[in-house]
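Alright, structures below, take your time with them.
What follows is chain A paired twice: with chain B in the first complex and chain C in the second.
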Partner chain A sequence: MSKSILVIGGGFSGITAALEAAEVGHEVYLVEKRPFLGGRVMQLNKYFPKLCPPSCGLEIQFQRIKKNPNVKVFTLAEVTSVSGSAGNYEVAVRIKPRYTAPRSCDLSELAAKLAANVKNEFEFGLSSRKPLYLDAPFAYPGRYVLELEHVSEEEKKLLSKSPFINLKDEEKTITLNVGSIIIATGWKPYDVTNLTNLGAGQIANCISNMQMERLASPFGPTNGKIVRPSDGAPPKKVAFVQCAGSRDENHLPYCSYICCMASIKQATYVREQYPDAEVTIFYIDLRTPGRYKKFADKVLADEKIKTIKGKVAKVEEDIATSDVWVTAEDAISGNKITEKYDLVVLATGMQPSLAGESVPFDVQVDEEGFVFDSQDKGIFVAGCAAEPLDVMKSAQSGTAAAMKAIQTVRGR
Partner chain B sequence: MTMVSRVKPDLEFIKELQEIGGENVKKCFQCATCSVVCPLSPMDKSFPRKEMIWAQWGLKDKLVNDIDMWLCHKCGQCSEMCPRGAKPGELMAALRNMAYRNLTGPSFLGKWMSSIKHLPKLIAIPAIIYLLIWFITGSICGSPFPLKDGHVEYSLIFPGDYTIDPIFGLAAIFVIWSFYKGVRKLKEVFDTQPKTFVVGYTRPKTIWHALYEVIKDEVLTHKKFKDCGEEEDDQLKFKGHLMLFYGFAALFVVTAIVAFTHWAGKIFSFLHMGYPMPLYNPVKLLANVGAVLLIIGLINLTKRRLNESTKDASTYYDWYLLGLIWVVALSGILSEVLRWANIAGLAYLAYYIHLVSVFMLIAYLPWSKLGHLVYRVFALAYARMIGRVSTEVDEQKNKLFVI
Partner chain C sequence: MAEKIGIYIDKATFDPYLDVDQLVEKIKNRWGDATPVIKVFPLVASDEARKEIQKDLDSGAIDGVSIVGPSPREDTEYFDFGPKVVVDRVNLREQGIMAYKNPDGSLLKPGDETPQLLWDMVMDYINMSVIKLQKSAAPEGEAIESVKRVLVLGGGWTGIHAALAVAEAGYEAVLVEKESELGGYAAKMLKSFPINPPYTQAEDTKIEEKIQAVKNNKKIKVYVGTQLEKLSGQPGQYTAYLKTAKGEEEVEVGAVVVATGWKPIEPKYLEPLGYGSLKNIVTNVEFEEMAKKGEIKRPSDGGVPKNVLFVLGASDLYEDIAKQEEEEKKKKLEEAEAKSEESSEEETIEVKFEPIKTYRHLDYTSEVTSLTALKQAGYVREMIEDSIAYIIYEHMVTPGVYELYYKSAQDDPGIMLTKGKVTSFYAGSNENVVVRIEDNLLGETIEIEADLVVVPTGFVPTTALEPVINLEYRQGPAFPDLDLFDGYADSNYICFPYETRRTGIYAAGPVRQPMTLARSASDAYGAALKAIQCIESVNRGVAVHPRSGDLSYPKFNFVRCTQCKRCTEECPFGALDDDEKGTPKPNIARCRRCGTCMGACPERVISFDNYSVGQIGSMITSIKVPDNMEKEGPRIVILACENDAYPALDMAAKRGRRWSPYVRIIPVRCLGSVNTIWIADAMSKGNDGCLLLGCKYGEDYQCHFMKGSELCNRRMQNIGETLDRLGVELERVRQEQVAIDDYDRIPEIIDSFVEDIIKLGPNPFKGY
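Moving on, here comes the complex of A and B:
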């Protein structure tokens, strides 16, 4: 019997689950696929319910992890196989090499010396980065990661002279013995290239809501200035396209819970930066779960923020100006609207990270890729791996999963 | 202040509509994707979103008076892009089916044409008439499969002057009268439609001008079908319908020439042609070209209907017409081939089937899907009159007028 708990995924719900279990004395392994913790929250400019910047919640979490010897974090790590049963699992974890020495020091000068510019997936392709990088200023672990495949032989020689680089680092597989497993693998933004009638990601000034978060983020590609990707011009007319690939049989058949609120929140980003800017939100139903209604009412009282009931079904680029033509039918008046906007934001939904992936152990996964709790197996799900949630509810579900995992390893 | 009017749902009508093809209408959540992706929908009071909510609410009056059902050419774009599988394209087709059924009397014919269970009755009418004729003429000739100089000659059993022309003539008069009533009713309901002002659009002066424009710009070119989409299915539909149309046009011309020369030939003997015409006769040639066009058109359309599982499903109205035209075309060709081959038994049978199927095609025309020949053309012309046209937007989007 093992009293240890494995948490797969180092986003908000995974971190919460790990800490809740660790702080009552359980040994917890936190396994994260990416080089840094924080998950999707790290990429947001502000998050609900209090509209904090990610540093606000996450830095405290990182401190708690740092101070708690019960939490053992593995980054660049993936679970490759799981065997055993509740109370006694043997888990193989493959850890990719980081090629940097275990120290949190600023390698930005060294990074600047490297020639390659790699597409920055943390910024959703809005900028590029060096192959030696941190995602964000307060990334955790604050240890740089080096992508060797983008480094030339000469650069390797230069890098090898640095005491903070370890070119001899190798991929390794470790085995963990745990009693319970929490799946907190989270979500990915729905792939806009599937949205053929909404530009399929080919229109420069038609961005996704997550790209909007990065544009508005102070440590994002534009240092927080919301500008058009095509020419860096400040947008005067912005449209939000709700349910871009959500509540749609042909894409994600479910509602992603928070996108309406996210667009309303992003409307405030635009309005705060540009007092003259106009915002239009095209929607099927504006969904304001729970107490969010109050926030929505407050924001929508702004007369420069307009809402139109009617899903945008056509988005086209204006070749001459790179503006974006948006066509929708205003279902209230019954007339079609075709209008030109400087910037269009697609409110894409959350797709579970496990959608289309093979899961290395036996849990029930629905056809969309959402995972179910397996009480008898001692495997539980936290956060958006189970259903689309906001950060608050993700944290709550993390705590709940930790409780269930503790019950599994200790008995009730 | 506007009057608040209470919605009076007609539940029975909705049930009928669902049976006749609009079964998924209740799934719609009014996102309005359909109206936007429709290549033919006008900018104002677009379709088919509004029809979907009318149908959900049971607003029968609005639905049956809706001119837009005739503007839809059922490319299936709306159904394909619909996030709910509510299939707006099927609803539009169901509305048209409803119109074929109810626009013109006698009501029993509309009902009989709406479901496969009444098909035997529809077949029985011409089948019995021509079987009786066959029985009588067969007795006179002394054989049900008589030969003249050793050759099959259809006029021995079905003499045109007495058994074909009078029956089809009466049927044609009945059909024209029924269409007249139907179109008059359509005009009445369309007259209640609002007129739209579209900048840069010149409205035709009279309905006759409008009809001329529709025939010139749309019917002869099948332009709307072309606008409907470029996928394989759309191509099959465009080509199939075009060939079928010209096939029928050719056969109509042939029939007109034959009928005219035959009856006029009784007075002016120089007009008289010998029947059956030899193959090299241009009229016969045209007839055979028409038959070939029919077959190619039918193959295209049938192929499309068979692989349209993802788009709109086909209804009984679709299959009835397609099936009937297959029978007409094949029995027609067989009649000709078997006559050459001189296989009397089969030849007479083929000719009999041909007569029965052609009777069904013509006499039931206003209540079948083929009724669109008249109703759609009239509605399209009327739409031009009131300025209800899809706004054509050029590539650069710099010319767009929305009023």
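Moving on, here comes the complex of A and C:
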């Protein structure tokens, strides 16, 4: 029997669940697949509606982790098997090698000597990076990670000379005994290559909303300057295409919750950087639930931000200029619109990370890949693994999941 | 207080720019016996170093640890030697070597002689660390024996879930409901829109089962027909004064969940929708009551309506109200400003409760009203034969999984969903209601004559209408700053949804935000967790969020107190009450350890074991200020918020940004803790300027202690007089609002401040 809690996924929901349980007094294991914690929130430039930086909340969360011995973090770690029942699970966790010295040595000079040959997934392919890296200047753990598969033999020789690199580091598997499990595996952006009518990711100046976050981020590939990927030019005319994949039987049947607010927020990024720029948002419904309406009204009062009710039918590249043609029907006037934009942002939907993945234990997963609480098994779900949510509701849901887990392990 | 300080140096930080052996000599010369152990490690964050430090502690050779190398934000957990050992980190990697540039902008080069300015900087920081440790004791915390019982206010859906959550976690719950029965609005509903997957059908709320579960649970004590008259005390030890039908009762509780829900918006806000002027226009609440009774009838004649129209979109009809409210708000602001100018010094501590009423509550409820219209259209179809339900919407706000419910409604041919704006209502034949709709998908204005029209209701949070928590706090009975959230008892922080400005009191459900039943149930669980977490933290003598686990707390030396009340007024959390004379009465369990009281006190009455006016003051005065500014440069003290500005400086350095070597950066808990004495200390020792880096304040404030940066700014405005008396120019002190992602901007802020100071010339105090 165990009073410990396992949290799978080190994004905002998982971090919150882990900390909230730990601060009640429980031992918590936080297992993250990637080399760093923070998940999708790490990639966001600002939050709506306060337009404050997510790294501010992450800093507090990381401080809470650093100061709480009840939380044990494993990165590059994946749950491979789970056996047992509520109150007594045996969990195998596979931990990949990191190849760097424990703790936060500054390996920036060493990294600078390596070729930048890895497509940067953190930047959604907008840049490439070194195989020895930190995701962000506030990454936690602040410990570099080396991807050996991207290192040449020559570079290996150079690396082997550093006392802070261990090329012999090996994969290992550990076993954890826990009483309850929280699944906080989060979401991934819907794969744009499926959206054939919207360019399928092949049009340089038609980017996804998450790519927009990276372009606007001060530590992103352009240090925060919003420019066209094709030529680095500042965009004067920007269109946002809502429901790119969401609310669509052929793609995601549900609404992804955040995209309307995200586009309204991103419209402020554009307008702040380019006082002359014009923004058009093509939408089906503008979903600005709760007090978000206040923010939406404030932003949309800007005369240079236009909203058009109408689903975009087609996005095409203008070969000569790399501009982007958008075809839509204005549902109110009934007119067909064909307009050229410098930059088009697809408000790409949210898909659960577990969509199409096999889960190594028995929980109820729906067709879309969302997971549900299994009270009798002591397995609970937090954040976007259960349904599309914004950050505040993810944190809320993580806190609730922690409560349920505590109820399971209490008195055992 | 540490007396024998061990200094452990990270060679990797300094190589190849500064010779650590020379550094060791310099420290020995400066501190002698005060630092009996000075050791150098290739990498201080290593097992070898840790073992050595532990050995030195165990042998009694040292009683305080100073780690010279990486930022304190790195490997924090690694340098934890238990609660009895004070540890300080000297940040000479990020904010020293990595950030260093010569005054001419040139960089350090391997092999070059170490610049004197770098030596001065390194020694200043190490000296400050030694002093800090000498003036720090390991905090012991003040544990408060907590009552392991949670008061849940409100016996509706959310409160019931909260009480059950508390009880299932092994704590006692006291559930207080104003009405004579549990259940709230949920019990008055026929059905709810979907609560569970697959989210396609309206569901029975099964609230009777939940009510029964509450009644059967031995850990839950239910009070119906009961009001909370007063809540006094502090987390862990609150006394709730209840007024029941039988009389008065006192209950001891450790923490509180506020689940008092919502009230329908006042009818006057529904007048633009024809409500009140036409008989056959009802609200969705009234409609639900009829449906629950099984009698959907027209108020005019009791007839069964065959076609029912639900209105969701009529924004044009609210333009007048919107304008009017805007003007009222402006007027109020102007009045408040005029008032504060009149009495800039004197502030009343107690905030008077004023109800918050606005048509916006209707807007904010869009998700629930959209879902309710879909659900009630379903009632019409199920309960009335050959009926048609129209839903007129501007935006169908069914976010997330509720799209699936919207879609299933679209499958019913008897539910006509039409996008459009309702622009007027008028009486048709037989007291029917004619609804005019523009901007619809048909491209022309249409009119629909309905037997019955249903208009939405706004969720007005109970906290907008009355104080609800009725605190016996010196700062007043209600949550402060509710106007920022239009009356909802919400958090200001996206990352921390349960943050309130009253420790131990957590809101859940529609009183926090308009939300669905499913979300409210989940919210209840979260708030219940925060309540028990607070009880446990108080019991261990540690702070709750954001300084969770902090054992230190403010200690008051009342001998010097002049009863000026500043601490009582300024505490963002209302932690201080006072007696008749005005002597503050601290309530440690309400405190979040930000130090705002310490910053407010002109008499140095308040200090923490490991953070005090004297400590930081001594650190500041230890900075070596050269006599000749022109030759050796100015010295500038930077007090940086440790939550945002300080990490941003680390990140700036990591991103290759550098800043003037003339500044000395001291992290503070919050700018709210900055005492003006420190500014005077800095100036009287000849420092040429003082820069305060804190968070954004105002409406969308980012300060984690709510008011810290704002209060500091106000104090700095008031410091003018003092500086004037000293003969020091005002421009020497500046506060900047920065965010944690301003890492590319902060070095520029620093450099331009340094330039301004150089232009201003030396501090007249220099050399005295």
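The criterion applied here is as follows: the second predicted complex is superposed on the first by the 407 of 412 C-alpha atoms of A that agree within 3 Å, B and C clash if a C-alpha of one lies under 4 Å from a C-alpha of the other, contacts with A are read in each partner's own complex, and residues count from 1 in each chain.
Simple rule for what comes next: a residue touches a chain if its C-beta (ideal position, glycine included) is under 8 Å from a C-beta of that chain, and two chains touch if they have at least 3 such contacts.
None of the values given here were measured: they were computed from a predicted structure.
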{"item": "First, second, both or neither for A:52, with chain B first and chain C second", "value": "second"}
{"item": "Partner chain(s) touched by A:129 [first = chain B, second = chain C, both, neither]", "value": "neither"}
{"item": "Which superposed partner A:338 touches (first chain B, second chain C, both, neither)", "value": "first"}
{"item": "Partner chain(s) touched by A:290 [first = chain B, second = chain C, both, neither]", "value": "second"}
{"item": "First, second, both or neither for A:188, with chain B first and chain C second", "value": "neither"}
{"item": "Between chain B and chain C, more extensive residue contact with chain A", "value": "C"}
{"item": "Chain B versus chain C as contact partner of A:247, first or second or both or neither", "value": "both"}
{"item": "First, second, both or neither for A:271, with chain B first and chain C second", "value": "neither"}
{"item": "First, second, both or neither for A:26, with chain B first and chain C second", "value": "neither"}
{"item": "Partner chain in contact with A:372 - chain B first, chain C second, else both or neither", "value": "second"}
{"item": "Shared chain A contacts, counted only where both chain B and chain C touch the same residue", "value": "247, 285, 309, 331, 334"}
{"item": "Residues on chain B engaged by chain A in the complex (per definition of touch)", "value": "29-37, 41-46, 49-50, 81-85, 393, 395-397, 400, 402"}
{"item": "Residue numbers on chain C that touch chain A, as the complex places them", "value": "12, 42-43, 45-46, 70, 73-78, 80, 93, 98, 165, 168-170, 197-198, 360, 363-364, 366-367, 393, 395-404, 407, 419, 439-441, 443, 485-486, 488, 490-498, 513-515, 519, 522-526, 528-530, 532-533, 536-537, 544-546, 548-549, 643-644, 647, 650-651, 654-655, 696, 700, 702, 704, 739-744"}
{"item": "Partner chain B, residues of chain A touching it in the complex", "value": "197, 243, 247-251, 284-285, 309-314, 316, 318-320, 325, 327-331, 334-338, 340"}
{"item": "Residues on chain A engaged by chain C in the complex (per definition of touch)", "value": "12, 19-21, 23-25, 47, 50-61, 63-64, 66-69, 101-106, 108, 137-138, 142, 163-164, 217-219, 223-224, 246-247, 253-257, 285-291, 293-294, 309, 331-334, 366, 370, 372, 387-393, 395-397, 399-400, 402-404, 406-407, 410-411"}
